[in-house]
Amino acid sequence: MNAPKYTKTELLIEVIARMLDGLNHVAVGASSPIPGAAALLARARSGGTPRVSVLSSLRHNDFTDGARELFDCAAQGRIDAFFLGGGQIDGEANVNLVGLGDYPKLNVRFAGSYGSAYLYFLVPRVILFRPEHSRRVMVSKVDFISAPGTSPPGLYRPGGPYALVTERCIFSFNKEACRFCLQSIHEGETVESIRKNTGFDFDCPPQTLQTPPPSATALELIRGDVGINIAEVYPKFAREFLSLS
Amino acid sequence: MAFGKTPVESIDALAARVHDGAMIAVPPDYSFVAMAATRALIRRGARDLHILAVPQSGIQADLLIGAGCVTIMETAAVSLGELGAAPQFTAAVKSSRIEIRDSTCPAIHAGLQASEKGLPFMPLRGLIGSDLMRIRGDWKESENPFEEGDRIVVLPALKPDFALFHSPFADRNGNIWLGRRRELVTMAHAAKGALVTVEEIRDIDIMEDEALAGGSLPALYVTAIAEAPKGAWPLGVAGQYEPDREHLANYAKKATDADGFQDYLAEHGA
Amino acid sequence: MAFGKTPVESIDALAARVHDGAMIAVPPDYSFVAMAATRALIRRGARDLHILAVPQSGIQADLLIGAGCVTIMETAAVSLGELGAAPQFTAAVKSSRIEIRDSTCPAIHAGLQASEKGLPFMPLRGLIGSDLMRIRGDWKESENPFEEGDRIVVLPALKPDFALFHSPFADRNGNIWLGRRRELVTMAHAAKGALVTVEEIRDIDIMEDEALAGGSLPALYVTAIAEAPKGAWPLGVAGQYEPDREHLANYAKKATDADGFQDYLAEHGA
Amino acid sequence: MNAPKYTKTELLIEVIARMLDGLNHVAVGASSPIPGAAALLARARSGGTPRVSVLSSLRHNDFTDGARELFDCAAQGRIDAFFLGGGQIDGEANVNLVGLGDYPKLNVRFAGSYGSAYLYFLVPRVILFRPEHSRRVMVSKVDFISAPGTSPPGLYRPGGPYALVTERCIFSFNKEACRFCLQSIHEGETVESIRKNTGFDFDCPPQTLQTPPPSATALELIRGDVGINIAEVYPKFAREFLSLS
């Protein structure tokens, strides 16, 4: 029996969904179609666990107290996982959502920091997600710290980076060492191809694991209910990257 | 015409209340954006506005910036979402034509809640160690007065002159229905006044219906109302109409250069 | 039985979740008071409760105090309203049987909002020069970090173990409808969990109805639900039933002495 | 034409209503039937000005953001007048809503401070209202300051006492001198009867004014719409003290 064929998007959805299994409540912020689909997938295959709150969705959104509720809820310890991207991400897990160059006169301007400077501190499992894995994005040091990867001891910080998911691999983050560690590489990549495309140094386990492909069940859900639901908020994404059955 | 004590007026009269230099708070693209009033602001040639996005903005901020109405943009982000970067915002920041006050969502909510509570400041977790602390001269690191050594940020109150937003309906007394969009309630409480456009005015009393009252803003906070059917277009109103995705995609394309942007303005009556 | 992930259980099972020594937040008499659950608490012989009235209480606090369930009473006031002083509260304070933490309404709201926002403290205007500042060792005078010499009070967060209240209905997923009684939403956000009694459970999804969703508390915050028709009796539920004024007047008379109070408890199944 | 007959309750409603004319927004707190009726009277005879928010009323209550909204609204400067009572009120306008004796072991315990320690600071026109005018209530110095009448310069305090209304008279309050001044006395009282029943010293104008009786219009409204509306929140009061037509 051949493993079913899958796209990179489907793989990434499955990879993230696995990191959410068993959690109580996952929130998904702006501009996050793949994490949104992952959270819906995790929920779909576990019979309703975790709760999923997709910002700017009406249907998949438990909040009723306005836009501040996500942030209050996180501070109450009621959100277990959240996602952050970044125009740049560095080896200390600092993220830059503001721009390239010397602030405020930037060479490239991104959208802005959104809730990163807060949620990165408060949500226990923040998954960094950035498909593009190049030296342009994975840098040695970000130009602007929208949110720092770690904080000095004594600072109130129940949350922080859990993993970094890209088109090439998954890194876990070691808070004590303040370094990423290669967890698994996607099909077609090697440790060398990762190193070549990564601007920061990272740890490697003695043996390199391959990221397992999405299961047939996962693919069926992604191409069915999960895809239909994510299309509510991200119609363009669903049209272009998901082959809905 | 006025219902209760709240004047109901034309969209241009409502927009004329926003004086040059005013600080106005606006909601994100997914939530009751007063786009017809935004076009009216551009028509009247509003200048030097301080836009406070609560907590981010999209085409609304981009239009106002491109039309030269904005001096200060305070926001957690400006983006056209799936359609990519907000072109006029991006260009204006890079050329320093506007002052950008980069913020983060909960800081904007907290600053508004400070004003809502008549407080000069509000503490907030997080932030320490980010470059936002470095660039925001108005944010301070402080100490939790109940635990020595526990550092925490304090933010000054944000007090807009006006909250400007759209709603599905007002009632005959000037009460506004907002449902779950409670950040608009906070915005109105925090601002000196609220300017509200509505799809329609219904001949009911929201306060007499407990189901509606719980999701409403009392007229007490509302400076003026204008009736504006499809007033959020080309954005949507949840449950009533979808965003006009084709129009938005066209905007995203056109607005990348100055001529295209001016064409867009001319074409769409702003 | 459970709807969604929120267990629906008997009123006694719900009351049993309140462990001795728990801090529980309760609403004022006019607003969705869980009286059936209060009687269940007395039946199970709850002890050492820290009652936080949000921001005041009446017969509920008086009953719990008279029945010996309470060690700390934190409140802006306890009163039977038009029926006069709360007799068991008054007697317990005068004889020092309970610790009274005198507060003021906005301080209780602010302390809960601090917990709601995960903050260790909240500033508040007023208070300075009142004897409340003298007797509340946990309130501190501080300075506005944005204006030298501007004194302002800071209050520590109030974090109840449970918010305990009643509601007209829950839906099949454990969402609770509260309408305008948004202090109950704040209470639930601030507490570790909410214990909610409801007149009925409706086979609907509150979140699918924008009118209802805006006045609701998501199941996310709800620890357990118990169905309790007329669960606020002898108090009322706005729009459903009036307070039983005769019963309350009878209580006000009986509860002025220990025997009369015990008779009342015996008679009304607490 | 004889002036219409009226009760003391009706006089007090009218006296307070006159202090509210022309204001935008009046809020009425717990246990305040007469101030509540006064606010409704002021509104009824001015065609809807001022707005009136009666706490614990559903019908006459503009608030939709929970019990904290009154306090937030006051701090925003959107409430022009409010009412405070007091088990004791002293010559410096300090009010005591907590009890008599040495706190916490009191001889007499009152209900508690409610919102006084806050609203007294923030509402520009706080009207002290206490019908009982005796040396037991109007004291030289309160046993417990629930809320102070004045504050030192430099303390943020846009609000404070405007007048003290009792069964015998009306005092205005002079903030600079920190003293009450007799404004008018009700029918049947003299300056001497006031002095005899007042535990604090106060100023007197050269000529003592008589409190004017309620107008026929006021009485008609009190006995009609105003009474019916206040009965929603204070049925016992309406039954016992108002003769509704």
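A, B, C and D are the chain letters, set down in written order, and residue numbers restart from 1 in every chain.
We adopt the following convention: a residue touches a chain if its C-beta (ideal position, glycine included) is under 8 Å from a C-beta of that chain, and two chains touch if they have at least 3 such contacts.
Nothing here was measured: the structure is a model prediction, and the numbers come from that model.
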Chain whose Cα centroid lies at the greatest distance from that of chain D: A
Centroid distance [mean C-alpha coordinates] between chain C and chain B, Å: 36
Distance between the centres, which are taken as Cα means, of chain D and chain C, whole angstrom: 28
Interchain centroid distance [CA atoms averaged], chain A/chain C, Å: 40
Contacts with 2+ other chains: residues of chain A: 58, 63-65, 71, 75, 122
Per-residue overlap in chain C, given as positions that touch at least 2 other chains: 113, 117-119, 124-125, 150, 152, 180-182, 185, 210, 213-216, 238-239
Chain contact topology (line, ring, star, complete or other): other
Every chain pair meeting the contact rule: A-B, A-C, B-C, B-D, C-D
Touch list for chain D against partner chain C, complex: 30-31, 33, 56, 58, 63-68, 71, 75, 97-99, 103-107, 109-122, 144-148, 151-152, 154-156, 234-237
In the complex, chain B residues that touch chain D: 4-5, 115-119, 185, 189, 207, 210, 213-221
Residues of chain B that touch chain C when the two form their complex: 110, 113, 117-125, 140, 142, 144-147, 150, 152, 154, 156, 178-182, 210-215, 238-239
Chain B - residues contacting chain A, complex: 28, 30-31, 54-56, 75-79, 81-83, 85-86, 89-90, 93-94, 96, 100, 102-107, 109-110, 113, 124-132, 135, 149-152, 180-186, 238-239, 245
Parts of chain D lying in touch with chain B, wherever the complex brings them together: 25, 48-49, 51, 58, 61-65, 69, 71-78, 122
